[in-house]
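Chain lettering (A, B, C and D) follows the sequence in which the chains are written, and residue indices restart at 1 in each chain.
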Amino acid sequence: MDDRQKRVLIARRIAQELADGDVVNLGIGLPTLVGGFIPDGVNVTLQSENGFVGLGPHPAPGEEDDDLVNAGGQPVTILPGGAFFDSADSFAIIRGGHVDVTVLGALEVDARGNLASWMIPGKMVPGMGGAMDLVVGARRVIVGTTHLTKKGEPKLLKKCRLPLTAVEVVDLVVTEMAVIAVEQGTMTLLEKNPNYSVDAIRAATDAHLELSLELRDMDLAGLM
Amino acid sequence: MDDRQKRVLIARRIAQELADGDVVNLGIGLPTLVGGFIPDGVNVTLQSENGFVGLGPHPAPGEEDDDLVNAGGQPVTILPGGAFFDSADSFAIIRGGHVDVTVLGALEVDARGNLASWMIPGKMVPGMGGAMDLVVGARRVIVGTTHLTKKGEPKLLKKCRLPLTAVEVVDLVVTEMAVIAVEQGTMTLLEKNPNYSVDAIRAATDAHLELSLELRDMDLAGLM
Amino acid sequence: MPKIMSQKEVIAQVQEGSTVMIGGFMTCGTPVNLVRELASRGLHHLTVICNDTGLQGDGIGMLITADAVKRLIASHIGTNPETGKKMIEGKIQVELVPQGTLAERIRCAGAGLGGFLTPTGVGTVVADGKQEMEIDGRRYLLEKALHADVALIKAWKADRKGNLLYRKSARNFNPLMAMAAQTVIVEAEEIVEVGELDPDAVMTPGIFVDFLTKGVSVDG
Amino acid sequence: MPKIMSQKEVIAQVQEGSTVMIGGFMTCGTPVNLVRELASRGLHHLTVICNDTGLQGDGIGMLITADAVKRLIASHIGTNPETGKKMIEGKIQVELVPQGTLAERIRCAGAGLGGFLTPTGVGTVVADGKQEMEIDGRRYLLEKALHADVALIKAWKADRKGNLLYRKSARNFNPLMAMAAQTVIVEAEEIVEVGELDPDAVMTPGIFVDFLTKGVSVDG
């Protein structure tokens, strides 16, 4: 699978987790792609932490509005029935448990559900932005990430090594290899990419992986 | 002086304390009268703690709007340039020091500026409403009250006996007998009603009264 | 999308023992039709969180008259003598909270905060049993978040997604309570189609609203 | 009533060593004309409180390029590589704050609260040196109010009393900062007469605004 296929696989699988009526925050990058794969009949409301609900697609060329951007600073639109608010209200929504699902990337996730996603000491310190609030406040935290780092090292660890974004918050990890539940200190393999053996996935995972009794294959239709 | 004259004297004198541009909250009862005596050329913005600035006079008969009342539940109007907000924002304005002057009545005031205004144990427990926030948050607290209780007992005490509304908050007390500054644990007589001697005022006051070096007479013009 | 139903149907969301927040200041901005339905339910163990108990027999006063309220958290009860009377008789347990603290405690719950530090109430009976902290030489009380099972909200206009506008001083506690309760029921004077409200003007986003009912008629 | 003046005149309110809050998210909702004037002042010891430092040389990035900022309190600096570079060189001292905590700390200051309890940051470096409290089994950090000397605000419309409307996602931190600073300077795209704004629609009441300047021209 090339990078694009991996990203589509992950985003499409995460989209299956969303339920009709959910309020959802999609992080910058891969998580943003999730919006394109939401099944028909499932209506979700996208929240943009810079201050609105009802986030719509990019505007047509020439229709951009400087006053309407997403949390990545990109021009977007607002759907009918959306609403704007200030940053305090936006994070009241986020912290107050009014976002059902937040989807974001990760540098590391560990078996306790700890998440490291915001800094590599001495290297990358962009700031946490809204991530710490989002993962603490959202009812469900889904991480979408490649299974390995660019250097080929596991991202799913027994214990995070990088500075944490939050403690015990991750509920589900979706990678190009697997769908993994994180619950009460245990990572459980729910689904696997049929191109990888369980052993191969375990070899690529530092944390211990329990196998679900209902272990299934990820749907690769249209990807290969 | 009859009751009406006393009230007018007190309200009119308090109105002299307001400066152009002040944001002012007037309590229910006597303090509300202050609004009618603001000198020409002094523009103040009245804040109503139930949720707006720009409080205007009672509407003309038949023009009442159920959705527009003051903190006493009476129909009022809003002036051009006013603004509505919710109760959290209203008390953010109050507590955050954005109200310049609050005017309210009192059961007791003491030399330290402590104020008792909201309950008489076993007798009257209506609740403090917004009073505790107002006196703590406003930059200047002016008490307008009769000098004595209905039973003829002093309201200005060495030390309050009733449950307090707040500690060390009162800046000025205006009664039908006197204008008294409260500062750093001392009450100072700034002005006196010329109908009363200093001794008479002291006799009606439990707290020790210093005399201002610039002690003046209150203006009774048009009242007697 | 909120469910649109009659006041009679929707009030079943409130159960004996529920904690209910009710918007309004005196009777201004109180969802009187929902309150009337609630008062007729024959409940006696509600905890009610509101600014005041309206007037005798009017607004939230209807719940006092109906003996529906076991516990009351409010900033003022002086405008309804029946409340004070029942408090003295021991029929209603009343917790009086400064109005700004009440508003902020409700906001806190909606915003996922555990509490806040306020200078209001320091040195008074309000401080009894509360933790006090000093920051930069000023004393503060630690006040905690106040949650509810159900909020009864009065809006002026709602769209079918539950986006709300309030009108004039009827806004008061309504937007705060709409964020702080598990189940949010809105009585709106008018229900309009999605897209009719300007997203910049919306005061409560629809994501907070579970049930919508029309204020005047009973068939939504 | 706020004073209406040019950006050049009004920016004199900011002095060397001032703590300045600046609205905006990336460059959306940032008062760029005021920031440009401020960047041209030759100041080097400002403390700036903002969500992010915009883009390199754009928005608040102009202040970074001009070496005007000594200390920065923000939630994100990743969109402007110059900020990170100057931080590593020790030219700018940076305090990173979670975005929701930043918004709430600013609101706290405006609302006269000393601080609040948030679950955000528990168990992370954000908790270092902060008091932790447990309420109902959940852990919280005590975060404190964040005040400023001056706030630079971008509004869409202002009336001559300083009542403000913001537009779309350009609202963000602006209404919060307008309440939290000693002196509030607003750059509005349009200044209208008193009475032209609907009191129900006003997002920041004019009582907060000290100075008003028109965004495009320099003569207000």
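In this section, contacts are C-beta pairs under 8 Å (C-beta built on N, C-alpha and C of every residue); 3 or more make two chains touch, one makes a residue touch a chain.
Small disclaimer: the values here were computed from a predicted structure and weren't measured.
Taking the mean Cα position of each chain as its centre, B sits at the greatest distance from chain D. The interface with the greater number of C-beta contacts, when B-D is set against B-C, is B-C. Averaged C-alpha coordinates put the centre of chain A at 56 Å from the centre of chain B. Measuring from the averaged C-alpha position of chain C to that of chain D gives a distance of 32 Å. Averaged C-alpha coordinates give centres for chain B and chain D that are 35 Å from one another. The distance from the centre of chain B to the centre of chain C, with each centre set as the mean of the Cα atoms, comes to 29 Å.
Residues of chain D found to touch two or more other chains are 104, 107, 111-113, 118-119, 166-168, 171, 199-200. In chain B, the residues that touch at least two other chains are 52, 78, 84-85, 88, 91, 94-95, 136-137.
Taken in their complex, chain D has these residues touching chain C: 104, 108, 111-119, 133, 135-136, 138, 140, 142, 144-145, 165-168, 171, 199-201.
The touching residues of chain D, counted against chain A in their complex, run 25-29, 51-52, 74-79, 84, 87, 96, 98-104, 106-107, 118-126, 156, 166-176, 203. Within the complex formed with chain A, the chain C residues making contact are 1, 107, 109-113, 159-161, 163, 179, 194-195, 197, 199-200, 202, 205-208. By the touch rule above, chain B contacts chain D in their complex via residues 21, 23, 43, 45, 47, 52-54, 78, 80-85, 88, 91-98, 136-137. Residues of chain B that touch chain C in their complex: 48-52, 65-69, 71, 73, 78, 84-88, 90-91, 94-95, 114, 125-133, 136-137, 163-168.
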